[in-house]
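So the structure is just underneath, and the comments pick up after that.
Chains here go by letter, A, B, C and D, matching the order in which they are written, and residues are numbered from 1 within each.
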Amino acid sequence: MDLNADLGEGFGHWNLGDDDALLTVVTSANVACGFHAGDAGIMRQVCAAAAARKVVIGAQVGYRDLAGFGRRRIDYELGQLCDELIYQVGALQALATAEGTTVRYLKPHGALYHQADQAPAIVEAAEVVKLPIYCAPESVLATASGDAGVPVIFEGFADRAYRADGTLLPRGKPGAVIGDTEEVVARALLLAVDQRVIALDGTVVPHNVDSICLHGDTPGAVTLARSVRAALEGAGVPLRAAVA
Amino acid sequence: MDLNADLGEGFGHWNLGDDDALLTVVTSANVACGFHAGDAGIMRQVCAAAAARKVVIGAQVGYRDLAGFGRRRIDYELGQLCDELIYQVGALQALATAEGTTVRYLKPHGALYHQADQAPAIVEAAEVVKLPIYCAPESVLATASGDAGVPVIFEGFADRAYRADGTLLPRGKPGAVIGDTEEVVARALLLAVDQRVIALDGTVVPHNVDSICLHGDTPGAVTLARSVRAALEGAGVPLRAAVA
Amino acid sequence: MDLNADLGEGFGHWNLGDDDALLTVVTSANVACGFHAGDAGIMRQVCAAAAARKVVIGAQVGYRDLAGFGRRRIDYELGQLCDELIYQVGALQALATAEGTTVRYLKPHGALYHQADQAPAIVEAAEVVKLPIYCAPESVLATASGDAGVPVIFEGFADRAYRADGTLLPRGKPGAVIGDTEEVVARALLLAVDQRVIALDGTVVPHNVDSICLHGDTPGAVTLARSVRAALEGAGVPLRAAVA
Amino acid sequence: MDLNADLGEGFGHWNLGDDDALLTVVTSANVACGFHAGDAGIMRQVCAAAAARKVVIGAQVGYRDLAGFGRRRIDYELGQLCDELIYQVGALQALATAEGTTVRYLKPHGALYHQADQAPAIVEAAEVVKLPIYCAPESVLATASGDAGVPVIFEGFADRAYRADGTLLPRGKPGAVIGDTEEVVARALLLAVDQRVIALDGTVVPHNVDSICLHGDTPGAVTLARSVRAALEGAGVPLRAAVA
């Protein structure tokens, strides 16, 4: 099982999350590329730290919207969106090269992750940069990637509520984010060992994922991420990056 | 002799210059990379058009300052500046690759071009991305590049006034920009054929350059650029990109 | 009849439209406030020029999206949107005061103009800044303004196609923008004299407006705007700002 | 004695400092205006909270440089800088009005605070918006304000090292920032009670200030600010806003 998390989400003078702590937990680091968060200096630092820990890096690409942190949909013209995603990946790649590592995947951030009609722009960008995409099983993005022959890494969320159809309850809905450590750890084990998730209505849904997405933007989140890793290790789940 | 010009300097809804016309004149296109001008869509279009015309492209890197068009000095911390330059080159490289071409050089834009104390950041970025730098002979940037073993392309300006020490009269000083077509053409020929420039005080200064920088941000500028090219061709000066 | 147009839509080094020419045509100037276009220097210049010509100014408020020129919907949280509109009006007001004039109305720009679900944020901002809103008759924004007791100025478009229900055909649809001078002038006269518009299907639709919106972002547009003004004057239509 | 601090210095998703805690300590709040930090939503929140606590607000104006937090000099054209400062004050004023309060002063932020050659732009902006300026005694800004008849509020820093000429040791120099609580409190008392500061070389320098600037961007800073206030209250120093 792969563990991934968003890193490098500060900007200029502003910090967000504890990148160093997360790098001791994850096997894959989604590095923000400067459009919704991150800047060149932060990106390079994360690349250096990830390289030192042999953590694989990917491009966490997003809307051009620092003020909205990429979390609100923007009605992009698809060609423009595709070009901006390629731009972000290239920028990260150059900084990764400077630190002796390489961008291995692409993961859309925030609202972009969920916009079915914008999935073609992500897939086209992935084809251009020749990288696989992290996405949710059952998602339009997964289908579009498959149709285009773009490899995908399926990821699940131990701290997010699912609906019975295997899709996420949108952030913002009551109960969408699960904060209780024991529950999150239990859900991570269920995902990693049994490839299942328990939906809001109690249904046990098969959920075959290659990676579990963790969060680290609060002190509590880092502790939680550590607990998940420890539990998976304790259960004998081998942890390694999804992209070899 | 190489002819270079700045291209792709619009932003979003705003246009600047006539890129298509300039691409019929120059042998090397300095593509703005989104920090002082340009955006991902424009960058990709310029790469495509340049590739179609077999014009070599370079990264026209600048300060993060759309509001100031990169023309006013910013007191950057050098490491941050270097990282931003690498970021810009990488972004352009990814879009160039998408259009079947490659970034072949780096040219600092605007105020950055002239800041002696920031030259080390440019040189360090060039070392990381393994590209030569366009710069003025006699400049601190030229010296710093030489010291680091970074290849340089020397460029001269047919439409700018020079001082007797071979340096440019700063933009903004009276007489700094020469608008008369005949005079600019004569100066271009002097540069290309005799490797000389006539300084403000009348001194004839040896000026050994590989490239002449043209401008295209006004309709008149494009006409002027065409006249320079025609004159050089008429004089039998072979025109080809400085970076093979 | 009032004639209004968008002014001050350049940014930094980039120009857009011919503000000086438009100020000889319009009675009300919608000044871009720096979020989708415009900057403090441009805003102040437009205020000064408008004041000199006794043209009334209003705040042309938009999304925080220079890259998209405010023309693509952004899924704002309404409170944040409202605050940003207030911010923009205040900024313009301070610069207007510096030039001896005053912001007299608020006009939403681009995509914001048309988003029914975001109309409450515009109305709330207008209540806070105590200004009337320019909007289309039959629009959700008009209704929401009316419900809140916020005064409105109804505007029509002589160069845009209408549907039989009195609403605009969206920009981007074929035929949405009318370029023929004679036709635009005829439609302006029909609007100003008869308070009617001819819809796409030939229906003559009553359209009671206080203002006609003109455009000036191309040389042709300015000529067209001049023709409209001349025709209205020729027909004896009194031209004066909608907000006294 | 007035106590002032910078507030509202987050941006979008990013937080900085503990505004609520600082509002229990200061008598004047310098509200960031969106150019180097802050956004419309944050500005309005700070205005509301300050109004509720009867803390006076001022406009903390800065360079257009979110990436640099306004801390690095930008070579502005002075007219453009002046216009941007007016823009910022107006934006804050509109949001302050929405919350029943008023902008009472202007305080330049970061590098702008210290640029002697840019002082005229600050003074001109202050004249336009008719507000007094917070500045350091012995500063060029103080002199320029005085020459123009713009009222000033002199402020001192209990946590910053001074030189024997009464000027601050620049941030970044060793020892420039004093972290020890006891020392800072002692220096605050010396400033408030005796109007003196002890310079780096031990000289006791008269320093007649109306306000002490506190910081709150770290948890320790807030504790320190509280200690300063408590010490001043303990010493019977009346605490009230400098602008009545």
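Just so it is clear, a residue touches a chain if its C-beta (ideal position, glycine included) is under 8 Å from a C-beta of that chain, and two chains touch if they have at least 3 such contacts.
A quick note: this is a predicted structure, and the numbers were derived from the prediction, not measured.
Enquirer: Same or different interface residues for chain A and chain D, judged by whether over half of the residue numbers are used by both?
Expert: same
Enquirer: Which chain pair shares more contacting C-beta pairs: A-B, or B-D?
Expert: Between A-B and B-D, the larger count of C-beta pairs in contact belongs to A-B.
Enquirer: Using the average of all C-alpha atoms in each chain as its centre, how far is it in Å between chain A and chain B?
Expert: The separation of the two C-alpha centroids amounts to 39 Å.
Enquirer: Can you give the whole-Å distance between the Cα centres of chain B and chain D?
Expert: The mean C-alpha positions of chain B and chain D differ by 42 Å.
Enquirer: Using the touch rule from the top of the page, what residues of chain A touch 2 or more other chains?
Expert: 39, 67-68
Enquirer: For the complex, which residues does chain A have touching chain D?
Expert: It is residues 10-16, 37, 39, 66-69, 71 of chain A that touch chain D.
Enquirer: Quick one: which bits of chain A touch chain B in the complex? Just the residue numbers, please.
Expert: Checking each residue of chain A against chain B gives 34, 39-41, 43-44, 79-80, 83-84, 86-95, 97-98, 128-129.
Enquirer: Could you please specify the touching residues of chain D with respect to chain B in the complex?
Expert: 64-65, 67-68, 72-77, 111
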